């Protein structure tokens, strides 16, 4: 049973990663699982300077999902490199750093520093919906996205660059293609969908930030559709994210076209979710006599001749 | 306790309508509830010619939601006018007909005929995600949408025209404004989000059409956000739709800015849902000493100064 | 009468690792069902699972309705945990049910797997006036054997692995029976319910032997009462709703794909 | 030790219409909790509700952990229906808990409403060495009265509607006590938990009287163990996670808004 997959030049022992912002800096989970078992750890989005984040309440539950408006609360590049990276380096897993900036220049500086620090890959968060002047414009403007990816590739070209796409667009394939053409080594999708909830008793929004990002099982059907569309429109590997709770969900994403997957909200409910998913993928493959997990990627039947690019 | 609301020149006895495609042609529910109690009945989308719809399986369940790819299976204008409209006319409720076409010309012919037939309002479905050559282009192309609304208004100007918006866009306010500027009397949103599900056992899509429209509680946070954004960017009334199961949900939409609401998927689970919602809105208002339900529309607190139009 | 009603769980008996017998007491007046009709049953306490699940009724007394269900996925797993006293919402009876045969016709009841549940109320009604062919994968999957025997019909049971009754598929057993009983062909009528491949086999037998009959179909359902158009099957006169125009169709009407 | 474990419901006692006493038996080895720490408890069998709910522990034996919860919304309504034998997943003990006072300090325990649940384990540990001020809206909302009396502390109970004990809010009662016992101010330490407005009142009393103390805070939580950054409160040194740096904070550190 071979579970190894490749994201560009990055070889993962298995297709299961953690989604940014849901796994802290790895440490928070070390009592629950052996980090060595993971395909990769993607850490909380890092910005050049530390960020305070949004005022509380920052999260609320919704049917089969949750809204978050953390506002990219993070310790900043410097402290990450000094305090968090050395810890993660102890483990035999890949380290992927999710980054965000307000300008291309900020992304470039972050990427350079992380390239120098020798992280395994950089994931560009161009789609966080919670920051006013944040990366959001890159996520919903094709040309801005292209420029960003191009510049980051030029300055940190050795590293595997993963572009994390926003689902808040009409046609995900345009953004997938734009990222690929600008040199992105892989795509990851989806980030959260913008949502909102109101407490009818107090008549106030449930989040201080009013809107937040929707994650969890509720969004899985949208994520599966986008992964399917994106993976058919590009040649670079696609990493599937959105509502993955168990191995069945992970396999659904791989059948839809994902080379690897990221587990997000599920880590909160079951801190051992990633490990259970790895075991579950193995059992599924054994049950279906699949020797190599790569054989199921995009192997959904009955879709031949369907033109998925048109809406 | 005054529950009446107005959608343009259309006066509804209460803000609760049925969502197109989830209430048949009204008859299907007559054993479960008294249609006279409803604010309005919105019937299944009608096209000029009868439509066969998509092959089965057409629906599947997802976490807190469902996917449908009915493919606008309907009996066509002629039979609707002859067989279904007379039945609905017996009741003291407003009749709103949801229509769809492949061309502006088709929408115009449908609107004219329905205007002549004296229905109370026409809802333009410009967002159905299940038909290849269907109305979808109008839903994700601002200029096409403007032209469509303009032409329909010109030819069926007496009738209240409601434009039903697609949520599969980056910025709902652009479409809301386009519809308003072209003369739409009201907006309704959201239609379903495009989604997909795969059976990992058979490795086939769960829907024959591969993708379908996601509805149900799962999408409520996205719908609330869009209703809030849209209602703040236009002056015409907004009708809120998406995952409304009970009175609490309906009130959440009204606080977000909806003048009225439509109940969709909930009708399948509880065919008396609309009636329970009407009762629940009344109790809420009484509990909060609200004399006039119109007083809660858009009255969400704590959002002053927030510029919701920028992403 | 309003077919949407609340019902209380009177008993929820585990028959074996994958089947439960659920007895409900309607708390509102409930209509009398016909054989082959079904109910939509609420499976959970939250929005996940969202939709009700369709189940045929098995037996009905003045006070209660009984269902037999197989534990398949999310919904039925939650239903297995239903405790006595729980109140759930139910819609039904729904669909058309099996039309009863005219006097002179001998009904041949052909059930595969859980298809027996749908046909049981019909057999019960027809009493010993019919032949029952019932196939399952193995002995453990056979349901209602005692009850069927008590009803005193001509009962032929078969299992794929020969762990009980005849060996083979129920369609094979039916073919053998027809070869041995040529004369019955002109006066019999098939009623069948079961997995799709089996139904297709039975259809082709019926077609070749010139026997008419009825088949009960399954499709995913959202509403169960004709409102969503979700549950269609393809027939010679176009798509038809399983929940309303079915679940029982003339066997020759179905277009198999 | 892994703080994620499975636990079996041993008992789920309804105390009154809105409160239950839940006794769990951890099926994996579980760590000993400190007073004021909490657990994240799975509330449902599906993805709705999705998140675990935070609850303070009330009592712990070698075999079991006991919780007292108020029925509030979706999650706790489902928890009310937990039956004996049910197995759920739990994470804990979580958070910092109350720091114990130095010998010479007299603890003043100030509880509002369900805040008493968090403070109970502390009172239990401190035994009769403390003053307990406990306020609730009315008599029916008072919890653990017998248990508190048995512990033999100086207990002052008050209700807003005067249906039991003193009349008034617990902050008023505390003020009165402090006026009458000037000398205690220099040697006491406040521990408080309850609704936000009350905590603010207590904070301002503490500030004006120059008394130090600890407050246990509540915020919506997704993980409970520091991973999501969802549960912050504003403090004089910036946002702090209630689940990890709290739930207990020095009373003077909280920035109220």
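Which chain is which? They are A, B, C and D, in the order written, and residues in each are numbered from 1.
Methods note: a residue touches a chain if its C-beta (ideal position, glycine included) is under 8 Å from a C-beta of that chain, and two chains touch if they have at least 3 such contacts.
Note that the coordinates shown come from a computational prediction; the quantities given were computed from them, not determined experimentally.
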Contact-richer chain pair [B-D vs A-D]: A-D
Centroid comparison with chain D (C-alpha atoms), farthest chain: C
Whole-Å separation of chain centres (CA-atom averages), chain A against chain B: 33
Chain B-chain D separation of Cα centroids, rounded to whole Å: 46
Chain centre separation (chain C, chain D; CA means) in Å: 54
Centre distance in Å when chain A and chain D are each reduced to the mean of their C-alpha atoms: 37
Shared-contact residues (touching 2 or more other chains) in chain C: 47-49
Per-residue multi-chain contacts in chain A, two or more chains: 63-65, 216-217
Pairwise touch network: line, ring, star, complete, or other: complete
Footprint of chain B on chain D - complex, ascending: 47-48
Sites on chain C touched by chain D in the complex: 44-49, 74, 78, 81, 83
Touching residues (chain side chain A, partner chain D) in the complex: 21-24, 28-29, 31-32, 44, 52-53, 55-61, 63-66, 68, 70, 73, 216-217, 245, 265, 267-272
Of chain D, residues touching chain A in the complex: 1-4, 42, 47-52, 89, 91, 219-234, 238-239, 257
Touching residues on chain B, where the partner in the complex is chain D: 63-64, 217
